[in-house]
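The same chain A turns up in both complexes below, where it pairs with chain B and then with chain C.
Take a look at the complex of A and B:
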């Protein structure tokens, strides 16, 4: 049954190979499929979670990290309620690229979007980015921060649940939708510009 | 436990005890009744006991017999098994004898066949030889007197095998070089007989690849030679790709049966893997040509720079759109591109005109769709080829296929191409929409909307359609997303900006008097005509934009419906996975937020219209109420009732006002306008009523007037505005009471009178009646 009170779009971005797909798979299916091929274009998954007795539907867009998919990825920024920017704690280059990703976010995303920085692969022993460095970066750019391991299922659930509850909070308080959307307005609410994606056309 | 402290309790307890006693009695009786039965059963058991002993003895005997039989059976079956082993050894022996005999035959046969160049025959012998259990034969030979000759056979046959392999390979290559299809096939068939399937497939694939190269070179040349003015010239590289893919498909179609017949199913992937290398090489050539001749890299860089705002020397006007798109994407509904239309400083590095991009975009989309079709063709072929294999093999094969295809250069190149296409398509939409805004004019005399509406939706729909023709769902979704962004930010803020100018600039400051003067001077044609037509056209444009916002809602609905069909048709329903469908509908639902923003804009426009065109005029009309006398004598009432001067005048004025908009507004906008006018009038009426005093007949007259007004307004719109009039109607009812006490009947009655007035408001209104006494009103129970 497609029955939910809130609908949020969450978009994952970050360099190729940092584990975006694994984070999504871990959260939506409880799996860690090793040896995954690179994501092509953009992948789409849905998970409905329950928070404070409310059903919250998370639409998760898992984007390809490679440069040649950038045009596709960019088109998803604007309708996102939350953006998860992922790097690999065992790879300095993926951390160095965060600056470029942020520039892209500034350029395409709504300024109200919830931004979360995720350092993935804490299971790796060859850490290159200390936690404090990631934290520092997140603080400087006004982002939430969490370190995760999709392999060990560490903090993955928490990451998405915090996002869901934060967005729900936003939706309920200051950012109550300004407009009614035609079909579903009475049933679902969402945050962001013009209370988007509550509407359904079919 | 409760204390037994009263007679009632004692009685109660006694009753309980008696009851229990009775129950116990009954229970005992029933137990007693069963005694007989039990005794009879015990009797039976005692009788049966001796029989049990007999039964036990019989059982022991039976067990003995069974174990005896089983031992017997085992000894018999052991013999059978031994027989079986012997028989299989005999047949093995026969086989070996047969092999030994064949070995000689093969040796001889190969020799003569090779001498006579009968390679098939020779290969047949070798095949027989290879099928033998060579190790076992050698072992047997060592026990035999003729051991030497067998060894000889082996050496000779081994060398013959090597020789034949070389010959076949050489002949195959010769045939391939001469492109002698019959010979190629002839020698291709021999490889598996020599136990060299892999080698055969490799050589055959290489041969096919060579054929492809020749063919591809020819087609590329023809394509490049296409005259510039040819009809196909704008899509010549897409055509080249098409020809290449079709060529590969033809080659595969022609040769797959040979492979399958002589090598069995499940080998096609190997052939295709080799051919794909060739396809990669050739498609790279074509795409390199495309990129060079169409100046793609340069254009992409220009557009990319423009959209990133990283090129200050570019034409300001053109690049501003995407820069500010990004700026306002982060700034919400801010008014972007203020002044971007001014000062288009030309520089040496111009950004491309969207119209010039049109053919290129088409070509890129077609090129991508061809590759998509080709990949689909390969997948279908390979999947069918694996179908006869077992589950495990098939799965591994299909996995391998995905790896081969996804890692192919062609696939990667196409992803890059799609990326470029999407970047340019976004730019194309954004620039074309911007142009449509600058060129915005009224469609015609009778048109309610302006050209921007049709233009914008035409552009977006065309772009989304073109993207779906690429065959890529991700690409289509990206363009849909970009279109949503454009509508929500660029288009909405354009309308908002236009509506912000107001219905008629300067009019706001005019008093009603000035308006009347202006109107009369208008009638007398004394007004400066140029200013008049200027503000006239400004007003017409304002209404057009208000209508644009409303009409867009319908346009979006129609567009979505059309797009769903378009997309499913162009990508093909059977190629759509459930995930693709979900992606599509999620992206299409993005238009929902556009709809919301458009409603917001339309509402804003209406507010503007009310503020400048309704409020200043209705004020004086309603204020006239205060000049009228509301304490009427019978005579005055009779004459008042005859022509209701105030309300008829008001209605007449409203009629004039509304009718001036009726034809110029969309239905929804007009209805909304009437609704707003109704609210405005009732609020103003309430104010003037509160400032007046009434007697009984004055109240009666007011009630009639309010009814007339409500009747007029209700009839003016299709929306239900009863609600908006409720307060005013109730005020009139209160003022139309015979005597104050009636009020409490109304108030308390369950006649479904939903009061919009509070008790204190009712009292306040009643006080307007000069003939009602304040104490009486105070006494009312409300």
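Take a look at the complex of A and C:
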């Protein structure tokens, strides 16, 4: 059934309203939901992409109700391979909060996690954060940078494809932390052997 | 953000301990509007796991003097309502906290000979590599929590490692206990005759339940006497009594058999011992339930508690007062550590905890083990549950092991655990080469509130929940959560399976709705 070669967990964070859910849905479903309400009952979405003739499965975790008050559980960051930090280019406050988000990421995510800064909503006329400012911030913190519009489908595909190919490269060169595949396969009977391997059940 | 904060809930939960978090998830899962608060800036309360720095802060908090000052809240009250003010500060209810280093602040690297010499500096530098549990727990592979995680699909938020060996202290030294069939045959610690005896006994224990007749005869017997009647050797009696049944000389036969059975039933599901350890520590488990709650619409706010409870003349809770707002709720679930003194039960027994950082395993082996040791009682201490974890669980950095000790409180934690600790590790000045050297240690006591009657003094729609208990697994918290849930929502299913992402169909033709067991439209306004 699952014939993918790689599985990566990608996690999104950023202030409320910056467009995290819209980015995920644009990428996984190819649409821009008109009245995006708080999503209920969905904790991650899945999209399988093909890269260099390999199937790569991306598990994209969006924050849930807890996010509104910045009370994400630290376990949310566990075993993430890539982290997307989103702000809204038309909203200075969402940019100002990036520092706080970074602090939280440093605290809980793995050192090796791939980090990407995303300035979303480029279609908007009322830009407050010039591209160069976002770029600078990303450079200073050793992050990839891209500006997107979930609405106009600009750079969204590219964002995730770059992440996928970067992670694939890391995996091939074995730099990637070797986690048991996080939180998948709800039906399959898995779980490690008696040795020192991790156990995950389903 | 103020005006987007809903003012009415079905359930408000205060405290993110285990029982509270299970309840929050269960209520949210069946469509209830849940608000979950914790006045700490971390999840889990007394069930939390911390990195090394976080733990230092926790220790600091514990040492703050208890402050009974009430909040200054001045909530609006309707006719007949009264306000019960809460304490301003709710420091962790741990006592006798004693943290100590056993290595120098800094050491010069002494070249490549022998073991690495650790210093305080070096440990602190690696603070993020720690996950130190306040309430370490193991899961029986077929225990209540594992079954619940699977049936609710919350398992997808968790990762585990197998406990790889069960060890006992016998005749003054540590020995691995053969527990699976394969182990029994492989071990060289017991003879062939003993192996046969052991297999027969274990067989009998798995079958005892269907045999009421057979059981009758053992009703008034201790498990120890039963084992002696079987003519088992001392070796075997020790293994079965202390390590497998985790019993004492006084444990009644039936209880000993049922514990043995529980052990055996969980064998072979995920590894060659019956136990699992949560990766990143037990503090992950309440968080997994919180995540489910949030995914189903539950709102989370840390660093926020209740300043007052608003109670009607009919002794039901109407609302809580939090951050200058009255938040109405049909039910309130509250961790005991938050409860106003008037709700608290009288004395409760205590738990003694010790955490030790050592520079090698208590029982050296050729690979990293995750070890359970049920230390038998002796003149100076009761049975002590000991779990040793290494870097593979993310409990501590490579090259170190962390030992958790838990026992029933008699004196202070240090008094209760020191004699066992001394047997297993070198304290400064001691140089027994077969033992690990102690790097750092911490002792503390906490209350075991699992045996208290928590409903006695509370409004009828307010449910108090216990803190961590002494048991190895989480059974108690699950039982308590189920009981409270069925009082609140007798008609609703307790944590039905959450759908996988693949099973959810998002339909965007006109508005965002999801095909799910309970169709629930979003209540939150969109900014």
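Methods note: the second predicted complex is superposed on the first by the 160 of 202 C-alpha atoms of A that agree within 3 Å, B and C clash if a C-alpha of one lies under 4 Å from a C-alpha of the other, contacts with A are read in each partner's own complex, and residues count from 1 in each chain.
Keep in mind that, in the parts below, a residue touches a chain if its C-beta (ideal position, glycine included) is under 8 Å from a C-beta of that chain, and two chains touch if they have at least 3 such contacts.
The structure presented is a predicted model; accordingly, all values stated were derived computationally and were not measured.
**Q** Of the partners chain B and chain C, which touch A:69 in the superposed model: first, second, both, neither?
**A** So A:69 meets both chain B and chain C here.
**Q** Go through the superposed model and pick first if A:112 touches only chain B, second if only chain C, both, or neither.
**A** A:112 contacts chain B only, not chain C.
**Q** Name the contact category of A:132: first (chain B only), second (chain C only), both, or neither.
**A** neither
**Q** Touch test for A:78: chain B only (first), chain C only (second), both, or neither?
**A** Both partners, chain B and chain C.
**Q** After superposition on the shared chain, which partner residues are touched by A:25: those of chain B (first), chain C (second), both, or neither?
**A** Only chain C; A:25 stays clear of chain B.
**Q** One more residue to check, A:17. First (chain B), second (chain C), both or neither?
**A** second
**Q** If you stack the two complexes on chain A, which partner ends up touching A:33: first (chain B), second (chain C), both, or neither?
**A** Once the two structures are laid over each other on A, A:33 reaches chain C alone.
**Q** Figure out whether A:142 sits in contact with chain B (first) or chain C (second), or with both, or with neither.
**A** Once the two structures are laid over each other on A, A:142 reaches no partner at all.
**Q** Is there a shared patch on chain A that both chain B and chain C touch, and which residues make it up?
**A** Comparing the two interfaces on chain A, one with chain B and one with chain C, the shared residues are 37, 40-44, 46, 68-71, 74-76, 78-79, 107, 179-180, 182, 192-202.
**Q** In their complex, what parts of chain B are in touch with chain A?
**A** Chain B residues touching chain A: 308, 326, 329-333, 402-403, 406, 412, 415-416, 418-423, 426, 472, 474-475, 477-479, 481-482, 484-485, 488, 557, 560, 564, 579, 582-583, 585-586, 588-597, 599-600.
**Q** Please give the residue numbers of chain C that touch chain A in the complex, ascending.
**A** Interface residues on chain C, with respect to chain A: 1, 4, 42-43, 51, 128, 146, 149-150, 153, 155-162, 164, 269-273, 276, 279-280, 284, 287-288, 290-302, 304, 367-370, 392, 498-502, 504, 506, 508, 511-512, 514, 516, 520-522, 524, 526-527.
**Q** Help me check something: in the complex, which residues belonging to chain A touch chain C?
**A** 16-17, 25, 29, 31, 33-46, 64-71, 73-76, 78-79, 107, 179-180, 182-184, 186, 191-202
**Q** In their shared complex, at which residues does chain A touch chain B?
**A** Counting only chain A, the residues touching chain B are 37, 40-44, 46, 59, 68-72, 74-79, 106-112, 177-182, 192-202.
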